[in-house]
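Multiple structures follow.
Both complexes below contain chain A, partnered by chain B and then by chain C.
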Partner chain A sequence: MSGLRSFVARRLLLGVAQTAAVVLLVFALTEMLPGDAAVALAGDQPDPARIEAIREALRLDRPAVERLADWAAGLPHGDFGTSLASGRPVARYIADGFGPTLLLASLTVALLVPLGFGLGVLAARHEGRLLDRLVSSVTLAVYAVPEFALGVLLVTVLALRLGWLPPTAVGYGTDLLGHPAALVLPVLVLLARPVCSLVRLVRAGMIDALASPYVAQARRYGVSGARVRYTHALPNALAPAAQQLARTIDWLLCGVIVVEALYVIPGLGTVLLNAVAERDVPVVQGLAVVFGVLTVVLNLAADLVARRLAPRSGVAA
Partner chain B sequence: MTRLRTGRFALGVAVVAVPLLLALLGPLFAGEPGPRGASFTLGDGHWLGTDFVGRDVWQQVLHGGRPVVLTALAATALAYLVALPLALLSALTHRRWLEELLMRPLDVLLAVPSLLLILLAATVFSPGAVGLALLVAAVNVPDAARLVRAAATEAAARPAVEALRMQGETWWRIAVGYVGRSMLRTLAADAGTRLTGVLYLVATAAFLGVGVAPDAADWAVMVDRNRTGLFVQPWAVVVPALLIVGLTMGANLLFDAALERTGKETRP
Partner chain C sequence: MNHENGTTAGPVAEIRDLRVEIDGRAVVDGVSLAALPGRVTALVGASGSGKTTTGLALLGEYPPGARVTGDVRLSADGPAGYIPQHPATVLNPARRVRALLTDIARTQVGHLPPGRRRSAARERVLRALAEAQLPDAAPLLRRYPHQLSGGQQQRVVLAQALLLGARVIVADEPTTGQDALTKSRIVDQLAAVAARGIAVVLLSHDPDVVRALADEVIVMRSGRVVESGPAPDAWRAVQAGRTREPLVDQPPFPQADGSTGTVRPVLRIRDLTARHHDGARGTTVVLRAPRLNLHPGESLAVVGRSGSGKTTLARCLAGLHRDQDGRILLDGTPLPPSLRNRGRAHLAAVQYVFQDARAAFDEHRPVLHQVARTAVRLRGTDADTATREALTTLASLGLPEDLVRRHPGRCSGGELQRAALARALLARPRVLICDEITSGLDPITRRGILDLLTSLVRDRGGLSLVLITHDLDTAARADRIAVLDGGELVEHGPAERVLTTPQHPFTVSLVEAAARLTARTGT
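For the complex of A and B:
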């Protein structure tokens, strides 16, 4: 038990360090601006009044350490500063974009887990046969394709040629649940890469686990096939995959940004891209902290869950 | 399974051949750009129609592959240029603090989504093609260094390294001559995976407008900019999108089949 506890402690410590690193890295953004940050951010028409306003908003006249302390102290309270472009608080931007992104992400994860595990186990059970070859080849092929390329092709075929689905979510605003048809393509595109990764992972782990002595022993005891597969082999098949699962989370977050841009969904990704285009540093910083901390927390959870599923991963692998 | 692998290899070559040849040789056959016509028209002397500013789509396609492929290759090479010395140094050193100093910061960086880092940097600098290659390389360093280090640590623990040390061989000779050489296969396997990942990132960043001019001849930029005309002139979007799909899909199939051929275990 002490081994597990020290693992959890070490993993939590790494998570804290990663969170601190994300906050520092994001803050360093304004420090990296060449020359006077206010002049650099003012853009093509450096109007003195605007430069003064930016300097005021970012409080550039104060030392960096003091600004970092102020900014970091505000983060836990949801105080992310105010936008340079509109003067609205950054927290409002995040609150506005949160709904659609959360809906997209939860729909995707809800479909990803059963689909990934189901197809992976299915392919492993039919190892070497037609079904396995089909699943393996398709997942391998789709695995590396960028979402935007896949997305526009699907729009062209399914929305424009066949007219089955709306091409974008334009005009629906944040009320996406009221228009489920508009969600089909984004979720499909968002699913493509993580599903492929998960299927390949589960398949490889299951093939190893099903060939192991403890599975043979369980079968000899007369334990039913389904129970052997899902309660004995599957958890062990997952443990070596913890790192890969974490990468899947990274892909989901990247994918959300691209998919929202592609289907014009007013979520966090769209807010981030607009802020990047306008060089609205406080908004970019706020969103980067949200995305970064989210990744750190999800990675942490994935590692802990994988550890919990197979504490003796060394034995089974 | 051998037949299947050969089949996959052939399929990979077939799928990747068209986009790769277009990317590498396209600019040689493109010729002089003609006069600009009306935007988003079909036919009228243009084989694939015209794009959002009235340029010939076929000519843009011929020019548009090279930046994607070259940036990806450069970024992969750059990532290893940094990751290899870092990993070798930390695997071969006996000073614990040096190892921690070299690898710990990378562990911490590993958690940040790669596209987010690229977008962050793009807010502050306005990176060109070189900047994009540097950025993509930088986000690949932590993962590459960790992988190379694992392979190097294994090789460095072998008795042969101890023997070389006792013979008084130089650090250089041990690190590059023995450890470096014995992990070539792992490196080759990782390079394949990494290149497909880098291709993905380079294309996606270009689609989001990072590291490219807004009217650049680049397949990813073409997909983005010509999307507005998808209803009237789909070819300006579909052709570059298909080429990117072919490039990434084919590269992945090819590398996977090539790896299995050399007897390495499959990657997950």
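For the complex of A and C:
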């Protein structure tokens, strides 16, 4: 049996268990919150009899375990259940929210990779000199700014004061691609911190790799500078960066709640936020499954990439 | 390898009055050297004598922060080739073997039409590998460096230099870590390199190899040249000096108590088969050992050429090679194949000392802490007791307290190897595996370590030794010898019997090669 295949199989099995655990935990936590969907639906007329009626109509009066089992039984058929708040299928919610989230994530990653690796390699080449110190201190400073603060700052300066860009995506619905200007600020905010951590990781890895005997040998034997940097040194600096990149993509797809809320982008983060506010448990659970699976798959992919980049690590038992 | 016409050509590389200073201390002082085409110039000296610094100067490389005066000139165009002591360090761990070779070849095929460049480059690479005694190396090119044996790694690095068309090749301890057969082949190999008209600068502390190869000998001590001249004269002068290791009269390891038939073996190997993954191409069997016993207090030498499966056998015992079938029994209980499934007692019972002691220590923590940690982790002693025990053990191995409180970077290779032994002993092992632990060391240090192993087996009742080695002189000290060839256990028996009346043709050739190497150098 191939070691790689059994590794992937083991990790996928573990991933299924992890996702199940996440769903259980999320369910338990939403159960523990005061109030439920009936209270939320009753709105500004919290009449006990009315709440009880809604509860009965939504079948919320049954025991929690029964409700969970009911919902879980639908999963194998791809049925995520129906929303308590609107009665629409949960899958519909997820599909709607996924578009804007994926668009933001792809744009961010498309800029993140060249920027992160390029600046990292550049800083490593100039280790200890002005350019390196500049890149290092700026990345550290930007990394220290939380995204909600940066988001508000950018809106204030670039949108409200200077009026260069729309402050939010209000009114554009899910057709964000038709209004690229509205995407600039959110992508900038999403990009800010991941770029910094990636640059610093790549820089550290590259400094080690550039000082290594194998890079010295390649230089000694007349391989050109750029080739040495990108094909001989960089592969050794990539493994930790690949892990970081996977975590970043995971974060972009599963939890950019603050940025989506700030710029009013109808992505998965907004769907999650609304669902929690309405105690819409099936929607929250559906999102938990999607986020769990994404996390498992992305981390597995990162481990496979790392294995390819550091093949020796596969040797030790 | 004296060539009559060799002296007529001018030197292809020359050093005049080189002085390299680090922090005001001269590591090389007043060294001059001329590398003539087709000649082998040997720089001889113990570790720390400045020969590597001199050799690297030919490549235009100096230690960081060094102040250099003097003259280094390469008259030939193109860079000098370099074969370092540990060839693995110059092979990129994240790239396949072909990566650098192809990059070197690519620069040489620029004149061809683009469509033919790739195949021409590949052809050149394969030819260089064949010239470095790696024929049919196509499958090798797809492997990662860690999937090659030490000998193969060295030949790949030599192939890089040959591919480059270097006019000078600096070989740093090229025979270190090689078995007698390979050693003899490397001698032929470097002779063949010289015969192509390439100047070879050989840095070595192996007297046999220097005497077999060198046309000119430069003996260095503490950064200075103490003797230099044409090989025969220089050697006569050296005979009286200290660079020659007394290879004779090595005391054997103490014999195991009692006859091996009556005492129960501490370790039994039954039908062991180990495999190696070769990319997506499936698996290769790299070791087959149907039956091997190790008795308490016994030392077993495992000999064979590089790539014969010696280290794989050791890794199987230590639980570092997961892909194995068969059984390894410790005192009758089977050991799980992977050390992740072994309990603390099992981990402590089988201890491993690696070839590269420097790589086996964390450079940021004092040696003492790392040694003491074994007792804490594997025997559950508290930190204070562990430190006291570590100090006692280290002292008994000749390492004083002020030395072991330093970081590994400030200890010599020999000292670190002693510390690595102490670290293994702190687990109170039943079986101590020593994997080529002396092959990176100079003769005097090596002698010290081997004497130390002798006294360990004598003084620590019941400790068994598995000695992985390519060196028959070292193996001769053991009680029993197991011979591996191409992953097969071809012969095993009492050391004296195997060395004097070898049965298997491979053992015969191994013993003969060792004898030939000694004979050729006129000992």
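Here, the second predicted complex is superposed on the first by the 222 of 317 C-alpha atoms of A that agree within 3 Å, B and C clash if a C-alpha of one lies under 4 Å from a C-alpha of the other, contacts with A are read in each partner's own complex, and residues count from 1 in each chain.
Criterion: contacts are C-beta pairs under 8 Å (C-beta built on N, C-alpha and C of every residue); 3 or more make two chains touch, one makes a residue touch a chain.
Computed from a prediction, not measured in an experiment: that's the story for all the values here.
Undergrad: Please indicate which partner A:R227 is in contact with in the superposed arrangement: first for chain B, second for chain C, both, or neither.
TA: In the superposition, A:R227 contacts chain C only.
Undergrad: If we overlay the two complexes on their shared chain A, which of chain B and chain C does A:G267 touch? Say first, second, both or neither.
TA: neither
Undergrad: Once chain A of both complexes is superposed, is A:T156 in touch with chain B (first), chain C (second), both, or neither?
TA: First partner only.
Undergrad: Can A:P186 be said to touch chain B (first), chain C (second), both, or neither?
TA: Neither partner.
Undergrad: Mind telling me which of the two, chain B or chain C, contacts the most residues of chain A?
TA: The partner with more contacted residues on chain A is B.
Undergrad: Once the structures are superposed on A, label A:Y214 by its partner contacts, choosing first (chain B), second (chain C), both or neither.
TA: Second partner only, chain C.
Undergrad: Between chain B (first) and chain C (second), which, if any, makes contact with A:G116: first, second, both or neither?
TA: A:G116: touches no partner chain.
Undergrad: Return the residues of chain A at which the contacts from chain B and from chain C coincide.
TA: none
Undergrad: What residues on chain C touch chain A, complex-wise?
TA: 59, 61, 78-79, 82, 84, 89-95, 99-100, 103-104, 107, 144, 146, 157, 160, 164, 277, 319-323, 337-340
Undergrad: In their shared complex, at which residues does chain B touch chain A?
TA: Residues in contact with chain A: 1, 4, 8, 105, 107-109, 111-116, 119-120, 122-125, 196-197, 199-200, 203-204, 207-209, 220, 223-224, 227, 230-231, 234, 237-238, 241-242, 244-245, 248-249, 251-253, 256, 266, 268.
Undergrad: Under the definition above, what is the set of chain A residues touching chain B in their complex?
TA: Per the stated touch rule, the residues are 14, 17-18, 21-22, 25-26, 29-30, 32-34, 40, 128, 133, 137, 140-150, 152-153, 155-156, 160, 167, 197, 200-201, 204-205, 241, 244, 250, 253-254, 257-258, 261, 272-273, 275-277, 279, 281, 284, 288, 291-292, 295-296, 299.
Undergrad: If you look only at chain A, which of its residues touch chain C in the complex?
TA: Residue positions touching the partner: 2-3, 212-218, 220-223, 227, 231-232, 235-236, 238-239, 309-312, 315-317.
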